[in-house]
Amino acid sequence: MTDLQAIVEEIHASLSPRCGEGKVADYIPQLAHVDPQKFGMAVVTVDGETHLAGDADEAFSIQSISKVFTLTLALGKHGEGIWKRVGREPSGSAFNSIVQLEQEAGIPRNPFINAGAIAITDLVLAGHTPKEAIGEVVRFLRYLADEEDIIVDQAVARSEQATGFRNFALANFMRSFGKLDHAAELVLGVYFHQCALAMSCRQLARAGLFLANSGTNPLTGHRVVSHLRARRINALMLTCGHYDGSGDFAYRVGLPGKSGVGGGILAVAPGKASVAVWSPGLNENGNSLLGSLALEMLATRTGWSVFGA
Amino acid sequence: MTDLQAIVEEIHASLSPRCGEGKVADYIPQLAHVDPQKFGMAVVTVDGETHLAGDADEAFSIQSISKVFTLTLALGKHGEGIWKRVGREPSGSAFNSIVQLEQEAGIPRNPFINAGAIAITDLVLAGHTPKEAIGEVVRFLRYLADEEDIIVDQAVARSEQATGFRNFALANFMRSFGKLDHAAELVLGVYFHQCALAMSCRQLARAGLFLANSGTNPLTGHRVVSHLRARRINALMLTCGHYDGSGDFAYRVGLPGKSGVGGGILAVAPGKASVAVWSPGLNENGNSLLGSLALEMLATRTGWSVFGA
Amino acid sequence: MTDLQAIVEEIHASLSPRCGEGKVADYIPQLAHVDPQKFGMAVVTVDGETHLAGDADEAFSIQSISKVFTLTLALGKHGEGIWKRVGREPSGSAFNSIVQLEQEAGIPRNPFINAGAIAITDLVLAGHTPKEAIGEVVRFLRYLADEEDIIVDQAVARSEQATGFRNFALANFMRSFGKLDHAAELVLGVYFHQCALAMSCRQLARAGLFLANSGTNPLTGHRVVSHLRARRINALMLTCGHYDGSGDFAYRVGLPGKSGVGGGILAVAPGKASVAVWSPGLNENGNSLLGSLALEMLATRTGWSVFGA
Amino acid sequence: MTDLQAIVEEIHASLSPRCGEGKVADYIPQLAHVDPQKFGMAVVTVDGETHLAGDADEAFSIQSISKVFTLTLALGKHGEGIWKRVGREPSGSAFNSIVQLEQEAGIPRNPFINAGAIAITDLVLAGHTPKEAIGEVVRFLRYLADEEDIIVDQAVARSEQATGFRNFALANFMRSFGKLDHAAELVLGVYFHQCALAMSCRQLARAGLFLANSGTNPLTGHRVVSHLRARRINALMLTCGHYDGSGDFAYRVGLPGKSGVGGGILAVAPGKASVAVWSPGLNENGNSLLGSLALEMLATRTGWSVFGA
């Protein structure tokens, strides 16, 4: 057993007694059914080693973590032109706030708040039917993780579709400013499916590994994005990846990361590893409570931080 | 001539023709007198090498860059307890905005917007007269840079005192919420002097070097802060160091940094070097236009980025 | 010819040269086709006299003026209980702002901004199909004006339906807070039809006459609402009837009124008369430019004002 | 005993058991000492009759009610030009909010929120020393009420001066936008004194009587302002006189009014009477709880309302 495996296991063991803390997301009915005791961790290093603990092989709803991957897709399709549709500044407000959208005439602050991610999905949808776009997103995740058994949880997608009034508000609001090319129904059809992707910690860590390795997946050798783009996506994750808790995450963990209300967090230690954690209980900023703590402990024990040795 | 020296000189040479672009800060009358053609760069590596270009030895008003150093002082005095008085999230608004201060009952978003820096200065002032506190700040900078000829530009300090109505508004506003221990006049007396510190690029880069070297100044061997604290200050600089342009700076430059309206920027490449640039013309976010570009070029040519190779 | 007839004609004559000033609403494509030269006035006194000038018999899209009548309907159906769903304070912001809706958790500020009117329409819809509710609104207007030829302009209704993204955003936003009982599509189906009611100045002045006569239409003898309720609806028109121009209208005109982006304004001089004006060019607050001026002149010449002789 | 006297006494008697409800303002220490059981009413008719009940002859701190009188003074001095410095729209936010001041670049929404009243006081101060301006305000009140024993409560004025941080914030904020001609200290010196004017209900009702009588004080025959200006001041009181409770007051009471945190309210029934009530307990909008109820009952029993019979 390597040192890293020991660290992962220790973190899991020391936090396990706190499983159940935090608040499971309930605004999507289907998500509220998740077992709050679940807790998984996966660390995949750029050398190809995999370290797992707990429920690391159980699929969960990745929700907003999908925004990292659709951003990567949109950058591939449209290049830096996407920044006409979305900013890259932290929002200083909640994940689903509509206030800044009004002040800034339909241009969301960044691609990792809901409005921004919807704008990005609108760009991914260009030239496609919603069904094709969903297929493209799923295939992209399978390609990144190099695993075929990644699917959309249709029950979650339907649940989001039926109750996602806030997202319908955001999409229609952007459309009222002429900042959405497709009808709200079409864009959200894709958006709800990307959020409903079900992946395990292991799959997620593998899918994000290219960001830890200068744009190339070391497991497959696929060059996903350039050096520069990998850095830039990491920069966005660091400044904007945790809604209005991004500054705190950077302060405590010191790694680029992206959370989802399903309780997952993907974190990237450049040059070192890709990390995925999952625990459904959320803190007041909507980020996984135990997941954040696990990453803070991992950063402390490994010394991984983008901000210095 | 080392490669790094060549890079610094090339960047300076290639940007010099654009000197005068941007808008010199004029809200403090004394700052408006600065020659817009000034342009200096200094890179001091953790190995102790110094690389200069242009007006690197001319003193300028460091303004908000001082916030990094008073934060360091306040953390030394009060530890993590300071976070009861100030947050650590990006603000999503301008450097002198008062809106969030109302919504959040007198707790500024972070120590690098004006309100937050005033709250930090209030903590530095604890147990001191304003004159003593100013002396402490000046001595701290001299200690960090290991240079004695660092002084406060009294004309600038007086100019700020006479026209700093917005800062008086911010301070009184916090005091109305009981979030300032001292009278606005006293706190701002110190604040205006810290902002009026006059330092050269070389001095500034030396003063910030401990942040690039895990908390210890490699030139003097002084351990200024712990590893962890150095990382955390860097994290705050990255997420909050450039007001509402922090996300963009992280995206383009990829290094922790702090700008001032005097046209200076201090940037930190952890494990590599401390960098200071100065050019008075500002971009629309209030950050040095040429300074930002110089740092972006430096990051590109050296490969320095906290977000990966 | 009575004095009042002379006043109405003089006002019309003196303002007619300015027809075409202001900006015709173009956010609903169908409204943009209106002839900007149109200008009509109708004054119907509580004694039953009618004074007309210009295009007083030409039907136009009453738009937001309909909010007065659906509020009256909702108060009849649900009484003062409606105030659980909507406030009665001026908003201090634009007619279609979504900001306060976020701050106040889906409770619109008052029934005369779009969000509030949609909430009111949701209440009118209770127990009905959209088609029935539309029928009820049309019949209510015919009853009030005692005229049968009041209809919905289906082209305008369709145009609003196709382009009313902002209203879809508002409705979905309220629904996300659980503050709308029916699906956004159903509520807006009714809302767009009520806004598309086509009425002439004469018809509109007659329909509003009950508000000038303590709740009873003096032309028909129908008691529409109680004394108290008539006063209260007038109070809401005065404080909230012109979006973020309500204070200015009260200052200059001094009468309760409600404007619509179709260029109409209904004003009430309690104990005296009901007045309707129509001129499509709007001022910067979205209220009829000439219509506001005509009412100001009328108030000056007649001495009508709720604020004193 | 006239009917009106009976009504006033009945209202006082029926509400007296509730004395002590609401929250006495405590943000100015000196105000917190007031006896919460105090309750006075005064109605002075345009015919010159005076009807009193309870503590109608006891002086209290008129606080923001003074804004009506300084507005009258400023209009007299500068005419309609004052509207370059202050708007006349309801604010949609709390009495001391600074948010809109930022959005609207230092122009307060109306003369009855704190920022707006400070801007008005700045205009009253033009050409005077603070001491002279305070003298002018006091003399104006004595002239209006035709009573000499109206004074400033110096203890209250000092208390406000020592703790009025929010007002210092507002004043400095406006000054930072160049929207205040005098130093914050000077303007607030006057402002705190005008707020500290001590007047009884009887005095206050007399002082406001010109607003009920088309600009002329019927007791003295002094023409204070023109017909038109009296109406306009009434209009401002109706739309903006009760901070973010103005709409509710118009709905329930239906008369122009202005409240103060000292627990007083001045209300105007045009053509009928001037009314002053005082009870220190405040409701959630910062307006006198019992005072509002007393005025609502008075309006109901007398039928006084600007919105119809």
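We just call them A, B, C and D in the order they show up, numbering each chain from 1.
In the analysis below, a residue touches a chain if its C-beta (ideal position, glycine included) is under 8 Å from a C-beta of that chain, and two chains touch if they have at least 3 such contacts.
Here the structure is a predicted model, which means the values were calculated and not measured.
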## Note on the structure
Those chains that touch chain D and also touch chain C are none
#### Entry: Taking each chain's C-alpha mean as its centre, the one farthest from chain A
D
### Message
I'd like the Å distance between the centres of chain A and chain B, where a centre is the mean of that chain's Cα atoms.
### Response
32
### Query
How far is the middle of chain B from the middle of chain C, if each middle is the mean of its Cα atoms, in Å?
55
### Message
Report the inter-centroid distance (CA atoms only) between chain B and chain D in whole Å.
### Response
47
### Task
Would you pick out the residues of chain D that each touch at least 2 other chains?
none
### Interchain contacts, given as pairs of chains that touch
A-B, A-C, B-D, C-D
### Query
Which residues of chain D touch chain C in the complex?
87-93, 100, 109-110, 211-214, 227, 230-232, 234-236, 238-240, 244-248, 250-251, 254, 256, 270-271, 305-309
### Task
Write out the stretch or stretches of chain A touching chain C in their complex.
97-99, 102-103, 165-166, 168-173, 175-176, 184
